[in-house]
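The data blocks that follow each hold one structure.
One chain, chain A, appears in both complexes that follow, with chain B as partner in the first and chain C in the second.
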Partner chain A sequence: MFKVILHTQWKWSRLLIAASLVAAFALPILTVQGFGIADPTVWEARSILRAAESRSVWYAVLAAGIGLLLATSVWSADHRGDHVYALSLPVARWRFVVLRFAAGGLLLLVPVVAFWAGALLASAALSLPYGLHAYPTALALRFALATVVAYAVFFAISSGTTRAAGVVLAIVGGLVVVQVLLHGADVDIDFLQDLFGRAVSWPGPFGVFAGRWALIGV
Partner chain B sequence: MSNSPAGANSVTLARRGGTALQRIASCVLVGLCTLGSLGHGQAPTVADYRLRVTQLSHIWEAARAAEGSVRGLTGPLDTIQLGSLAVVAVAARRAVVAAAVQGAWDRLDSALGSDTDLLAGKTFYTRLAATHVAISDSGVNRVFMDAPGVEQLRWNLLRSVMGALLQELDEDTRAWFGGVLPIEGVLEPPGRSAYIELVLARSPGASECLRGDLALCRAVLGFADGGIRPDSAFAVSATVRHHFARVALEQGRERAYARLLRSADVSLEQRLAAAAGLSADSLLEVWHATLIQAQPELTLVTRPIVVSGFAWVLVFLLLSSRSSRWRLG
Partner chain C sequence: MNNAIEVVGLCYRVKSFEIHDLALTVPAGSVYGFLGPNGAGKTTTIQLLLGQRRAARGQMTVLGGSMPRDAARLLQRLGYVPERPHLYPGLTVTEGLRYHAAFYPRWDSQRAAELLHRFSLEGDQRIGGLSKGETGKLMVLLALAQHPELLVLDEPTDGLDPVVRRDVIAALLDYVSSHSATVFISSHLVHELERICDWVGLMDRGRLVAEMPMQRFKNGIKRLRVTGAPAAVEDTPFVLLSRESAGVGGAGEVWVVRGWQSPMQEYFTTMGAILREVVDLDLEEGFVELLRTFRGLDSREA
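And then the complex of A and B:
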């Protein structure tokens, strides 16, 4: 059954996978453009390091984007068919969900491997200043983890009903409104920033997206 | 640091204001001459006149705005005194300056402690706005208004104070410090920057220093027997030296700044050791240990990140399998 699900998911999302492959391969190469300075000074080397760190935000953005798009494509056919196909199968809901998740997760390997190849190529093409090193494999592992986390988050949201998604959105929107009202009333409570901080720092769900994960380091 | 009295400062500000007003008047004059010159050469059309009039009215509006700002600088002066910190400001800007002085004083008081008496007799001046009108053939390009906020003022004030304190020392020492004494939030590089600087430095001494050769660390920091190497011989930038000084001052705690500034009869290395309350060799060891602790870790893939990442994946997978879509009834 896994092979069938994998095959159908491949058919539904192959264009998306192809686009992800191109983007994931190109991004590491694009982010090291301009780093090949011959015989740089210490300050130039430092600016390369800073630029590498600041550009690394695009890796997180791409990982989140790929996770989002693939997770939504995995469930789109079920939503369109009112889940009749899934209900007709002689499997429990949890098993079907795991199969769907695993099939999508396997397809994620395509952009992840492309990213790794791009990072390796970018590293090989660079002549880095003394003291700086490239970490393509470690970066690719981080990218893979971030992609899987993003995929899991949006997979959970997409698997629910429109009402469930609406409830999630309403809660987030409600929190923002309350924060704005508190700010307007000069109440010095910034719980939204606190919540966001907890979400993007360890062990929050989005901790994998935060921090420095540049291709180049000391 | 400036020691000129408030009156002299007022005169300076008035002169500045006058110069700016003269410049604006010159610009308007140039514009009027340009309008007048349209009568020569090729006969101008009505559209040309309209264009010139529009340009001149823009210049006039910008000049009026600039005049208001310049006049705002020439008002009476006020002195804000907090502890031994005295700051002179234009009275109209007192509230902003006072907030910045309070912030700077809090920081100085906590960093210098009783050494704030080193500031006695020093007066600092603030200039809160500068206006510049740039004019080209096509009229007014931009009007630049520099009106810094409280935080920027506080930072500048702290930097001025630490620079003024450094003026007490000899020229070589001032060069060693890169023009300002370290204090938290003012040119105080964290250990990470110092570590990276040493890694990137092409000097072989820098890499050996990182590996623990303290004699080479001493050379890298610019210390020579009986004094300081000349400025051109520094192997690394002031970032590393500031980190060293910061470590010394942190070790020394109370009156560390006073010991640094008031023991002028010994070498800087000994002076920093005195500030730290340690021997020169011990201070080098402590600094090296601090530097190694600040080594940036490769945080791309660590066990906590991997464990928490997969834990959240499992949580979301569990949530997915609990959807109400397939429930009956």
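And then the complex of A and C:
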């Protein structure tokens, strides 16, 4: 059963997977362009680190993008048919959802492995000055985790009903409106920033997207 | 198991549409025609029966098991053709068959291959590129090849051309006759069901108007031409569905009655009227008359 679900998932997402494979492989290589200085000054070493850090935001963006697009593609065919086919199959709903999640999750391995290969290749091609190191495997693990988190979140949203998505949107919109009203009334409470900070810092669910992502560090 | 489907006190509501206290019995081995005009609630009832929607109240027993509690187990023994194409359009026919087969332990590959040939479907065609008729045939193929004990067909021939319709009906009848399966088939094409069904249920506005063996339905509903009947009639031995003037060129009145039997002619003599003619109604005419009566009663109650 899993095999056929994986096959259908592959058919729907293969273009997306191919594009994400290319992007994930190329990104680490592109982000270290211009870092290969054999004997840099302290100032140059610092600027390499700063540049590496500023470019690293693209790793998180790519991880989130791949997770989002793959999660959306998982349910697209079922959404088109109002889920009638899935609901008519002799399998418990929770099991079908788990199988779909697992099939999509397995396909995430393709861009993750490509990213790892790209990071290894980029690291090997660099001649870093003394004191700087490349962390391709650690970065690839972080990329994998971020991709899975993004995939899981968007999978949950995508597998819900339109009504559920509407409720989520209404809650988020309501919080923004309340914050704007508080701000307009000169009340010094910024709960949105506090919520955002908690979500993206450890142990928040999106903590993996924040912090250091650089391939090169000290 | 005497009945393939038993429904008691089924209630469901969505927006302004309501299914109210629905009771339905489909005898095992029967071909049950589930009739009703568009919007009567046939598809909703089927979706409730299959566990695709959750009822507010009521009990549903399908193939001896409780729905929706045992849905995953019962759906293995049940073939379903929905009203609208539901298959994944990006797959080829062969991939669609392989996908479907993986969920059904009793999948009959040989039968699938036979039906593929019989329906002139090509394995490498994309499902999304099939014509309406080909898609309809593929859905019936999938339902039949999984070797079901119960076939639930929601308007399976709606929109198909007569040739495809005949092919589909023939394949269904072949299967039913060789496997003693039960068929629950919904349609608003009354004349089509008249040929194949042995039970009939009529639904309108979320309620079951009538349910009876087809023979009784066909025999029991008559159009009578009557002259000399008094304006008010009481204690009729049959159910008087409608009573109208015979119109231009006709004499007397036309009565449509249910539960008619020949000895009831005496009734007209006793009230001083003359029964001129008794005409059999076909299923479609009977269906229309029943609906008309039901809607008349319904509006009076409202």
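Annotations for the structure displayed:
One rule holds in what follows: the second predicted complex is superposed on the first by the 217 of 218 C-alpha atoms of A that agree within 3 Å, B and C clash if a C-alpha of one lies under 4 Å from a C-alpha of the other, contacts with A are read in each partner's own complex, and residues count from 1 in each chain.
Assume contacts are C-beta pairs under 8 Å (C-beta built on N, C-alpha and C of every residue); 3 or more make two chains touch, one makes a residue touch a chain.
All of these numbers come straight from a predicted model, not from anything done at the bench.
In the superposed model, A:K3 makes contact with chain C only, not with chain B. Look at A:L87: by the touch rule set out above, it reaches both chain B and chain C.
Legend: residue contacts after superposition of the two complexes on their common chain; A:G184 is shown touching neither chain B nor chain C.
Touch criterion met: A:V97 reaches chain B, while chain C stays clear of it. Chain A has more of its residues touched by B than by the other of chain B and chain C.
Once the two complexes are overlaid on the shared chain, A:G217 sits against chain B while remaining clear of chain C.
In the superposition on chain A, contact is made by A:W202 with chain B only, not with chain C. Chain A residues 87 lie at the interface with chain B in one structure and with chain C in the other. On the chain B side of its complex with chain A, the touching residues are 195-197, 199-202, 236-237, 296, 298-301, 304-306, 308-313, 315-317, 319-321, 323-326. The touching residues of chain A, when paired with chain C in their complex, are 1, 3-4, 7-8, 11-12, 77, 80-82, 84-85, 87-92, 95. Interface of chain C with chain A (complex): residues 50-52, 71-76, 78, 80, 82, 84-91, 95, 98-99, 102-104. By the touch criterion given at the top, residues 42-43, 45-46, 49, 83, 86-87, 93-94, 97-98, 101, 129-132, 135, 138-139, 141-142, 145-146, 148-149, 152-153, 155-156, 159-161, 164, 202-205, 207-208, 211-213, 217-218 of chain A touch chain B in their complex.
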